[in-house]
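What follows is a structure written as structure tokens; I'll ask about it next.
Just so it is clear, A, B, C, D, E and F label the chains in written order, and each chain counts residues from 1 on its own.
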Amino acid sequence: MVPGAPPPATVIADMWRGIGRENPVLVQFLGMCPTMAVTNTLANGIAMGAATTFVLVGSGLFVSLFRKYIAHEVRITSYILIIATFVTLADMILAATFPAISKALGPFMPLIVANCLLLGRAEAFAAKVAVHRAVADGLGMGLGFTLSLSLLSALRETLGHGSLLGHPLFGPRFEPWVFMVMPPGGFFALGVALLALAWIVELRRRRVRAVA
Amino acid sequence: MTFHAIAILGGMGLIFAVFLALANRKLWVWEDPRIDIVASMLPNANCGACGHPGCRAFAEGTVAGTISPAECTVASDDVHKSIAGFLGVDAGTAVRKLARLMCAGGNDVAINLAEYRGLPTCAAAAAVAGGGKGCAWGCLGLADCERACDFGAIEMSDTGLPMVDPAACTACGDCVEACPKGLFTLLAADHRLLVQCKNLIAGDDALEQCRVACTACGKCVLDGAPGLISVASGIAVVNYELNALAEERAAARCPTGAIVWLTGAQFAHLPALAGSERQ
Amino acid sequence: MSFATGFRHGVHPPEEKELTNRLPIRRMPYPDEIVLPLRQHAGNPAKLCVAVGDHVERGDPVGTADGFMSVPIHASAAGTVAGVEWWPHPDGSMALSVRITVDKFAPHVARPRTVPHWEGLTTDEVVLAVQQAGVVGLGGAAFPTHVKLAPPKDHAVHTLIINGAECEPYLTSDHRTMVEYPVRVLFGIRVMMRALGVTKSVVGIERNKPDAIEAMRAAVPADLDVTILPLTVKYPQGAEKMLIKAVTGVEVPSGKLPVTVGVVVQNVGSVAAIAEVFETGLPLVERIVTVSGHGLRRPANLIVPVGTKLRDLLAFCDGVTPDAAEVVIGGPMMGQAQANLDAPVIKGTTGVVVLAKYETRLARSYPCIHCGRCLDACPVFLNPSLLGDFARVGRYQDMVEQHLADCMLCGSCAYVCPSNIPLSQLFQASKVALRRAQAGAA
Amino acid sequence: MSNLAWIFVSTLLVNNFTLVMFLGLCSFFGVTAKIETAWRLGLANTFVLLLTAIFAWLLNTFVLGAAPYLRIVAFIVVIASAVQFVEMAVRKYLPVLFRQLGIYLPLITTNCAILGLALFQTSRHYTLIEGLVFAIGAGLGLTLALSLMASIRERIEVADVPRIARRMGLVLVIASSLSMAFMGFAGMGSAP
Amino acid sequence: MTVVHQHQHGAPVAVTPGKATPTWRLLVTLAVAGGLSGWLVVTVYQITRPAVERYAAQRVAGAVREVLERPARWDTLYLVNGALVSKAPAGPNAQELPIAYVGYDATGKRIGAAVTAAEPGFQELLTLMIGFDPESGALLGFKVLDEKETPGLGDKIETDSSFRTQFADRLPPLTGVKGHPGGNRNEVQTITGATISSRAVIRIVNHAVAKWRPLLQAYHAGGAP
Amino acid sequence: MSAAVAPALVVTASPHVRSQDSTPRIMWNVAATLVPIIVAATWFFGVSSLLVIAAATAGALATERAFGRGGTLADGSAAITGMLLGLTLPAGLSLWMAALGGAFGIGFGKVVWGGLGQNVFNPALLGRAFLQAAFPVAITTWPTVGGRFWTLKGDLFALPFTHPLPDAITSATPLGLLKFEGKGTAIEQLILGNTSGSLGETAALVILAGGIYLAWRGYLNWRIPAAVLLTVIVFSAIVHAVDAHRPDPLFMLFSGGLMLGTVYMATDPVTSPVTNRGRWVFGAGVGVLVVVIRIWGGLPEGVMYAILFMNALVPFINRATQPRLFGTRLGGAT
């Protein structure tokens, strides 16, 4: 075992970690820029999540595959190269399949490269474990990322446009909260999500204490 | 086109590899990577209980061989062993210590002369007329120690005494520092004979202030092994150098219960302060 | 306002001096028992020199000076040593004290002077005599007076400033001293000026004591360069640094002593005490105490034997009213609340104030609203709001960087704070915590 | 307003990289507990942004004309290597500076403001001069946002923040409030 | 948050104290990785390019069709050295040349020209395609290609059709007015609550027509069809 | 033991006495001076003003009550927040929006920060900034002054979350007229408040009087308003002198929310500097930003954003303007 490598775990556990306890957005605050920038509609959020998942899995796979051959001194450069390749691929594929979304995501699609989450996972996890675990971890992190993005973008789209995936929810008299789809609304939505999460945790803690 | 692409990126790769290789030769400042690894294995509480400025300094010391892993009082034995295993050194041993309170004067047994109003901290109360408590040495019960404890090992009893959870106490010494009355001491876990009082007034005058005061009557001195306990300036003192001779018997005849034989936590019989939601 | 008679910032608490400022000083009779803590002054406590059962005369030492930074303690009444024991001290702790059963009717037998006549003494001998007489600053801090009379050689002292500001509400002991014993005060000044080798002295008196200003002016002898300087009425005008600023216009550098700007400050009571010991030959065994407050039945200015228990003192003033809430030694701005009325009057006790409930600060406290009033009150220009924030979360090191050391705990900030935050208490507690941390580290 | 001035004001205030464009948020949230750290990181960022503007212009002009699809890969590899190189050099030759700035350099590689700058600069066809002004505006904007966040966080360190808001909740509310405060500059330079 | 640092500082690595990897391995690693990456990217690029280009063309076509009111066909002209030419010169920068589309109706009559222009709007650059008749100078219409205006406010320049349709047959230079326009051919009504964005559109239109009209007139006068 | 002489002794720390001013007293005094302004607003806009202000205040108080620490309604600060927010809104705003603004201001401008005294941004303005961003059209729909007392100025009772139906007669504010149509407004009209605009920008003289009273009682610090007003006058005079098309200082002073913002919002002790030097800096900053935004910005009015932006700088300003410690005078005796 490589020193400092994560302890062995089942593939399922590797996946769950990213969705729950180590959720990149809600717990680790990684990859904040796309989280804020593209979550003004649910479609964008999901697309960004999917693309990031693709890159996470792809780069995890390659980093893990080549981990024995990548020299320590150039590892960062190599990882970035791998990640950037997958981002470019994702960018092109999205542009060729969903041009509208690709346009909406604008430069934030290529910016996945700089998403701290990717390099972080590559170095802290994929570089140290076997391929199947790296892929499972990438998938889990990606799903966790997508999930949080969906949650946020659903919140923002519902209030900010009165619609979900473009379908109006409340009829014509609904007054949208433009705030929610503007920059401060992005921070605000995540803030509210975090406060709500913390509140739930707190309530549960109190209940446990009351029982004990 | 394919050739173009491969050439550009491959070429760039080559160029940067040369750069980095050169840089690597000329510029690299080497630092033992094991320090990071050991640091990542430590609890990272940065509590200072080991006597070093933070966990990373401890890690540097262990890698350099000047500190043995067991000196981290916070980490579990497993962690000691795995660090020792990783570095290929002996884990070493450390005496397990616990924080003990040298006062049992809860608000049910010790009197108050005046009502203290003001900042609800022991330090502040101590600076104001000693806090209004009859006994000037005794515990003020305002929980500075509970707040100081980073490990949540202290909880106030409903009579206003701090109860230390031996399982959670890491002997970091924060409570010793926090208590303005200096009532905490770090004692080895096997030092079980304890005078739970610091009141220097001798005789019945002390009892007017607190029912569990040490009155310096000297019974424990007679009942303990010779030299183990002595009475000086109004208080009984245990000489822990002779701890091996300590026996429960020494505490048996104390008329006030000021000296006790500990079998676990202090004040274990007291209920915790209800709704203690201090932050 | 002219810089020459005041300082910047500060506060104006109600003076409440009319309760006692017209009452002549009276002598309190001996109580049945007196208690003399061996620690009554800054510096080392005195060393015990009597044993239980010993008989002592008024003026006999019960404790001797322990080094230069210390003074002896003398019995303030004749009687028998009944105990040497831990006793409540006015500072709230327990202190080793000598308890004496007073022989009230012991004749004041003719006994040799313990303190020599001052004429003909060299400077060093004056200093020694002052120390042997147990004189300490009577302004409250109880700093051994002889130490101030022996300034370090590398600093030239040019002015002796006499602190007659008495800016604390309620207190009138210095005021009455100046009105009733101006000649004695000036004699004390003469002694000190000679001991210090200075030619100039200024007595600073707040403008709210016109009778004292008048009495002092009338008593200044022709051969002595003493100026009586009326000062702005503002708390804490009597604080050493503020007084020096008001009198000389100079700020004592942060962290430095007054001698660095060539002055020595003495309280009016202290110089009167020096005068008295050289006149009578008796060491310091009694002091003038203002007993006052809206919670007290009969306020008074009293000459009290050191060691008199508060209980006896208050009883002599007919006791307290039903709405009395706090008994404070010192003035209400800086004084110490007492939990135990067995605590004795000591040399530094300037007054005993019994506050009625309605005057006290028992109201609830609110969070700091950053109104900045405390900044405008602090005479040493600190940021109490910020210090208070740090103190609340225990960031003592940050407080040091914000000059906690310069805070003199005058309480002006807490007085003005609309949110009723106990700022000066926070600072005092922080200072204690820091000191303990340093002691722990050393 | 002249073009350069508009670029500068726009990136500094109107479209502040961090608070309006959402770039470089990881360090905005992660490294703003202390003012000292925050503004140093901001300055280090500004430096790297300037480097990036130059590199991106060089790459666009001389290398990528034939293969624009390699843009992302090329940009990031060049930036990452350059940063690594600068880090080593500073560490070796200017250890004092390294202690103050260098430790942030690796953090900056994965800061999307850097890549964002390169991409925006490309898509807007900025000249080298415009690119440099853009980089300075962006860097100072980043520094401003980081410092403001840090100074506010230092203040709330002594506040009695409710438990549920303590970890990140309040920090996001602060970000939102700051972003609102910057909305006052909206439309600046395009007044009728 | 220490997370950010984690991969930088806390990351455990293979422990080979003091021994550097041989240089050739660094070279090989990066060169191979770069080559592989280039190959992958270019392969996918070639696969996706047709679709991407089709979409791009469709977008332009859609916009041209909209602003020129359904022309039967159109020509693409490139602005090279201050004059319009019908064939783009070869070179890497071909895609970045300013372009005008000249549309014809079924009978082959010229309808007008469509050009793109970008200038600051309320928030960011605002990119429009503008159709006008170079002869009369009258507008045909415009379409927003790219905007970052406030949703629900500034974006009404795109979503509010009553604003957009006003422009047909108006004669630049236009001015924006609040309230009802007096029927002047050079006035358009601004959107309430988005005066700035409306005026930005007007400004861009005015600048674009002023810039392109002489060019196009010169081109047509030069004997081109 | 001690009962004989003193019944039930209390011990507290020194000082044992305190001044008479308390935080609730200050707050309620400020709140009381807002009443004349509300009366003036009602004079101009009729019952709508009362409803809008009441809705904003109710939103603020309800949020403080529900999420604040116990018993904080009595200190009066939440009432000020609600009333001030109400005064910055147009008369015809739907009540649900006003209440939402109050709730946002208190909830995210105050409670999450830890309650009274801990917030960095002005809660009332944060609430308004939120409304401005959320409902930009509704909040820039300015009903005209006058009309009968009982006539509602807009769709006040629109159901929550629904779009208000536009039905009132509206007109642009003086600043809007100037910025978008290049039209000026007579100064008498501005001073009398006979212009459309938010509720509280129509009564400059009443606001000024309230401010003078509060400053005299020491409940607000006069340095901030002095700095703001001076800066605005000087800066806009310079701009006006260079380019006569720009508004003159008098117009600047009496148009928009400058008076209300200067007297009541820039002076919020919690969100302004604690040091006197800092207050000058803060006020000058607000003044400069107001002029800059009004003249070169995209928005006609800049007071709210100017104050919010300067709020963000307050921790900096406080740091930079710490008072000089006694005994550290430069060049003094050492």
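We take it that a residue touches a chain if its C-beta (ideal position, glycine included) is under 8 Å from a C-beta of that chain, and two chains touch if they have at least 3 such contacts.
Source: prediction; values computed, not measured.
Engineer: Moving only between chains that touch, what is the shortest number of steps from chain A to chain C?
Structural biologist: Steps on the shortest route: 2.
Engineer: Indicate the whole-number Å distance between the mean C-alpha point of chain B and the mean C-alpha point of chain E.
Structural biologist: The answer is 68 Å.
Engineer: Report the inter-chain centroid distance for chain D and chain E in whole angstrom, where each centroid is the mean of the CA atoms.
Structural biologist: 27
Engineer: Nearest whole angstrom, what separates the Cα centre of chain A from the Cα centre of chain D?
Structural biologist: Their C-alpha centroids are separated by 21 Å.
Engineer: Can you work out the whole-Å distance between the CA centroids of chain A and chain F?
Structural biologist: Chain A and chain F have C-alpha centres separated by 40 Å.
Engineer: Which residues of chain B are in contact with two or more other chains?
Structural biologist: 1, 4-5, 8-9, 12-13, 16-17, 20-21, 24, 28, 34, 36-37, 40, 113-114, 116-119, 124, 127-129, 131-132
Engineer: I need the residues of chain F touching at least two other chains; which ones are they?
Structural biologist: 1-2, 8-13, 108, 112, 114-115, 118, 130, 133, 136, 180, 298
Engineer: Going by the touch rule set out above, which residues of chain E reach two or more other chains?
Structural biologist: Touching at least two other chains: 1, 3-4, 11-13, 15, 20, 26, 29-30, 33-34, 37-38, 41-42, 45, 122, 150, 152-153, 195-196.
Engineer: What chain-chain pairs meet the touch criterion?
Structural biologist: A-B, A-D, A-E, A-F, B-C, B-D, B-E, B-F, C-D, C-F, D-E, D-F, E-F
Engineer: Can you list the residues on chain E that touch chain B in the complex?
Structural biologist: 9-13, 15, 17-18, 20, 23, 26-35, 37-39, 41-43, 45-46
Engineer: Would you pull the chain B residues touching chain A in the complex into a rising list?
Structural biologist: 9, 13, 16-17, 20-21, 24, 34, 36-37, 40-41, 86
Engineer: For chain B, which residues count as touching chain F in their complex?
Structural biologist: Within the complex, chain B touches chain F at residues 113-119, 124, 127-129, 131-132, 208.
Engineer: Please give the residue numbers of chain A that touch chain B in the complex, ascending.
Structural biologist: 3-4, 73-74, 77, 81
Engineer: Considering the complex alone, what residue numbers of chain D touch chain F?
Structural biologist: 35, 147-148, 151-152, 154-156, 159-162, 165, 169-170, 173-174, 176-178, 180-192
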